[in-house]
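Structure provided below as structure tokens; questions to follow.
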Amino acid sequence: MTETQHAPLRDDPGRAEDAVPAIELAGVRKEYHAYGETVAAVQGVDLAIAQGEFFSLLGPSGCGKTTTMRMVAGFEEPTAGEVYLLGESVTGVPANRRDVNMVFQSYALFPHMSVFENVAFGLRRKRTPKAEITERVTEMLRIVDLTGRERRRPSELSGGQQQRVALARALVNRPRALLLDEPLGALDLKLRQAMQVELKRIQREVGITFVYVTHDQGEALTMSDRIAVMNDGLVEQLGTPREIYERPASKFVAGFIGTSNLLAGDAVESGGGTSVLKHGDGGRIEVGREFATGDKVELTVRPEKMQITADEPGDGLCRVHGKVSEVVYLGTSTNYNVTTDGGADVVVFVQNAMNAEDVARRGDTVWLSWEPQHSYVIGSAE
Amino acid sequence: MRRLRGALAPYLMILPGGLWMAVFFVVPLVFMFSVSLMTGNIIDGFKQTWHWQNYTDGFHTYGDKLVRSLWYGLLATVACIALAYPAAYWIAFKGGRRKSTYLFLLLLPFFVSFVLRTLAWKLVLTDNGPLLGPLRNHGLLPSDFHVLDSGFAVVSGLTYNFLPFMVLPIYVALERIDYRVIEASYDLYASRTQAFLRVVLPLSLPGVFAGVIMTFVPVASDYVNSEVLGGPNNVMIGHIIRTEYFDNSSYALASALSFSLMALLLVGIFAYARALGTEDVLEAAGR
Amino acid sequence: MTADRQAAANRRGASDPALRRGLTTRRGFLGAVGAAAGAAALAGCGIPGRGGNGIVTQADIDEYWHGRSGKGHINWANWPGYMEDDRSTIKAFTKETGISVTYKEAIQEAADWFGKIQAPLAANQSIGFDLMVVTNGIQFTELVELGYLAPLDHHRLPNFARYASAKAKNRAYDRNNIFSIPYVSGITGIAYNSKYVKEPITSIQQLFDPKYKGRVGMMSDSQELGNFGMLALGIDPEKSTEDDWKRAREVLRSQRDKGIVRKYYEQGYIDAVTKGDVWLTMAWSGDVYTLSSPDVKFVVPKEGGTIWSDCMMMPKTAANPVDAIRLMDWLYAPQNNAPLTEYINYVTPVPAVQDIIRKDAAEASAKDKPDLDRLATSPLVFPSPEEYAKLRTYRSLSNAEVPRYQKVFQTISQGA
């Protein structure tokens, strides 16, 4: 990959325009009618995606993320609400007149055309002069590292190369935004990881807003500037990857993003903005909120934040007591599955440092501890 | 032993089909070719003379029928495309869950015997029949206008009879198109027309190509339609070959005519394949 | 010679024989290919001729019949419409003689039939039939020439000798009736639809009249067509020369090229003339008689028409010629032939039948009487001597002439 400096493909929009979101969704709903029933795939979404942002829509299948994106692309019209591109409503504007382009899940390359013609397709439709087409296609193919493959057919390319053709085919049009629908889903793990880095590099190089739809939280966390986690047609949480990961706003987000240990405890004392929860024998968890005594409180702790020791940890740390049910060696780390005295199944990741031996064996009784700021209350269970 | 069997498996699989072709196609073909170079008649017998005179005689007497057969074949094939494409398109893209029902309906006439169908045609298209009679009586048609016993009737009959051979391959080709590819073309600023012309049409061309071969060849050599629906100026070569072989027992001339027809069809199909069957054409259409 | 069978078939609600013919010939065509291929494969190079077997001496006849006796069962191949639907004539024969008959309407077209039986006969094998009915046309000549027919022992044909009309005996196509005796005969003339044709049709020339452009039907059969071309020129087809054929061809060609001919029919003309697709057409007498449509009339033109015969004969490989020839003769007894004639409506070779039908008519109920009266007096079924004088027979063609004749006339209906 050549690292030559070049101007972003999109004309510099200027500061005043920067304030206008590239894409804005206001109260967008989408309902389908099937078999006499009305199903709401998207139940009211409000989003503003800034120019030049790498934005991900993350969620399990059926959460409405793809429908949301298809409404932006113009393949679906919202039942209610408005979609704005650079501040202008695009309601009623068909897909072929929207200045956004899409990278499809299985690439949807034109099988009867060469790589060059695939990439030139949009420019030809816009009646771009021939010389310019050649120049822009060539440049785009250079950016996606496909120089020399112009005459190939899509079927003669590897999955990763097809992926890059799909990307080039969309980007060469210099759209307001690029919509990517699970673009790496068909690639194997190694290639997927390489392409994640590659996508990020290309996005930086062309400076175009990317809206990335994925169900893979790792992918979303790696690449995004911001993530909207969707569930059941609604946005559950909107934030940076760090916010989403470390401070999940709901049980769903906590469960969906990474691995989370869910613990519950009864409030035993409170005051001064904090409470102490009891979890099994000797379990003592401090949280940064006041609860009435006797309240049942649920919280999450990330596995890598926990420590595992045979002796009781020192004051100031949250702790629970339990028994190791499984030890899984993973090379760089070891996972310990622990059943707490309070009846919760938790997992703890321990990095394998130099010459380190297993800190516990199956069947050992251990203490788990963590810093209080790593507890996230997600609600009080009744 | 097992390895040997494994190595032989592919050849064993082609054996039944290959034998079938050898016995029922290649052998008769070679024989017919040798007959086409014989001289004689059924009473005195045919002698292998290796004279090409049957060919020159055939061309001299029936050359225009050969040309007419190819011409009718072309007309009927074009008519088949014009009728089959929209129908196949509609079924493939708008047929929804009833696709197979619609296909079945399209093929339904072919479950009715050829006799009944053509008889019905004659009833409907006869000069004073339910279709032409009223039109003529109202002065909408000239008094000597007729459909039966004309080239139009022959080409219509051919079109009707061979339509499924065009519909099915086109349908299969259209059905195989990934709808996301069409969406991608909309996404890349193509209008509906452009999406059709640049993406759907080129991707369905292999189906049209197959349909043309499956239609044109049997249509050009058909002998029933021209006989039943045609007049004196609509005779096709298939009818002549049948008559020469059968009624006149002119085996040599009939074989020569058959081979001439086959050669013309092969040349035509190869030229067509060279001109239209390559990927460059598909790509040019997509541009 | 098949249109009456079409009419009969139509009466029984069967489909258009022209179409059926299209299908049967398709099958026949494949059969012929296979047969010819097999024969030639055996021959290696070339297909041997089988001509020159048509000359038969009394010694040959005696040799054929020597030591043969009846086996009590006959397989008979005939055309559709040539036997009562209830097969009452056959039943009467079986009742009288004890000989059972398997009757099949196996013959749809002369050429087609020839194609089917040619290969087994060439190999001296049975065709599955003892008795068959073939028209006195080109295929008949070929069967004779190729030596495929059993010579008849006229000692076994007393009824034929006694009752057959002079017109049924010793015709040019089979001198001394060595191989065949007629089953039934028919006249080729002109049928016209008086709804459209407003003048009397009396002459073949009217088939060539440009005012009937696109409204004339001709027959595609090369003998029928050639005959009418020659009759139009005042040539007697039976005595025609090759030059006459060529002159007739030119007349027929110009008739075609002027657009006068709407279509060359094998059988479908009767339907076309009834519906008015063609207004006047060459036609077979029995078709028009059976049609009994008030608009469609049949005439023997003043230049003459032709008379042809569908003849009974036996393949030389017949399993039971003794009983078959008995049936042939039995049919010549007037009382046996009359019911058949009442059904078929063509010209019977047994003139005495006319008296029987007259008698039947006199005794018939009011319902059947008009039909029988009409039949008994019809010149189409019982032509008068004057009528007969106008009728010509097919030219008998030698084996050398057949291909030349075919070449001259076949091309016309094929547009060449």
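Per-chain residue numbering starts at 1, and chain names A, B and C are given in the order in which the chains are listed.
Quick note on the criterion: a residue touches a chain if its C-beta (ideal position, glycine included) is under 8 Å from a C-beta of that chain, and two chains touch if they have at least 3 such contacts.
What you see is a predicted model; the values in this text were computed from it and never measured.
If each chain is a dot and touching chains are joined, what shape do you get: line, ring, star, complete or other?
line
Counting C-beta pairs in contact, pick out the pair of chains that comes out on top.
Contact tally peaks for the chain pair B-C.
If I average the CA coordinates per chain, which chain comes out farthest from chain B?
Comparing chain centres, A lies farthest from chain B.
For chain B and chain C, what's the span in angstrom between their mean Cα positions?
37
Once you find the CA centre of chain A and the CA centre of chain C, what distance in Å lies between them?
Using C-alpha averages as centres, the distance is 91 Å.
What whole-Å value do you get for the distance between chain A and chain B if each is reduced to the mean of its CA atoms?
Computed value for the inter-centroid distance: 56 Å.
Going by the contact rule set out above, which residues of chain B touch chain A in the complex?
Going by the criterion above, the answer is residues 178, 180-181, 183-191, 194-195, 198-199, 202-203, 279, 282-283, 285-287.
Please name which positions on chain B make contact with chain C in the complex.
Counting only chain B, the residues touching chain C are 27-28, 31-32, 34-35, 38, 40-48, 61-62, 64-65, 114-116, 118-119, 122, 126-129, 144, 146, 148-149, 224, 227-228, 230-235, 239-240, 242-243, 245-251.
Considering only the defined contacts, which chain A positions touch chain B in the complex?
It comes out as residues 73-75, 94-97, 101-102, 104-106, 108-114, 117, 121-122, 124-126, 153, 169-170, 173.
Can you list the chain C residues touching chain B in their complex?
15-16, 18-20, 22-23, 25-26, 28-29, 32-33, 36-37, 40-41, 45-51, 111-112, 115, 142, 145-146, 213-214, 256, 261-264, 271-272, 275-277, 399-400, 402-403, 406, 410-411, 413-416
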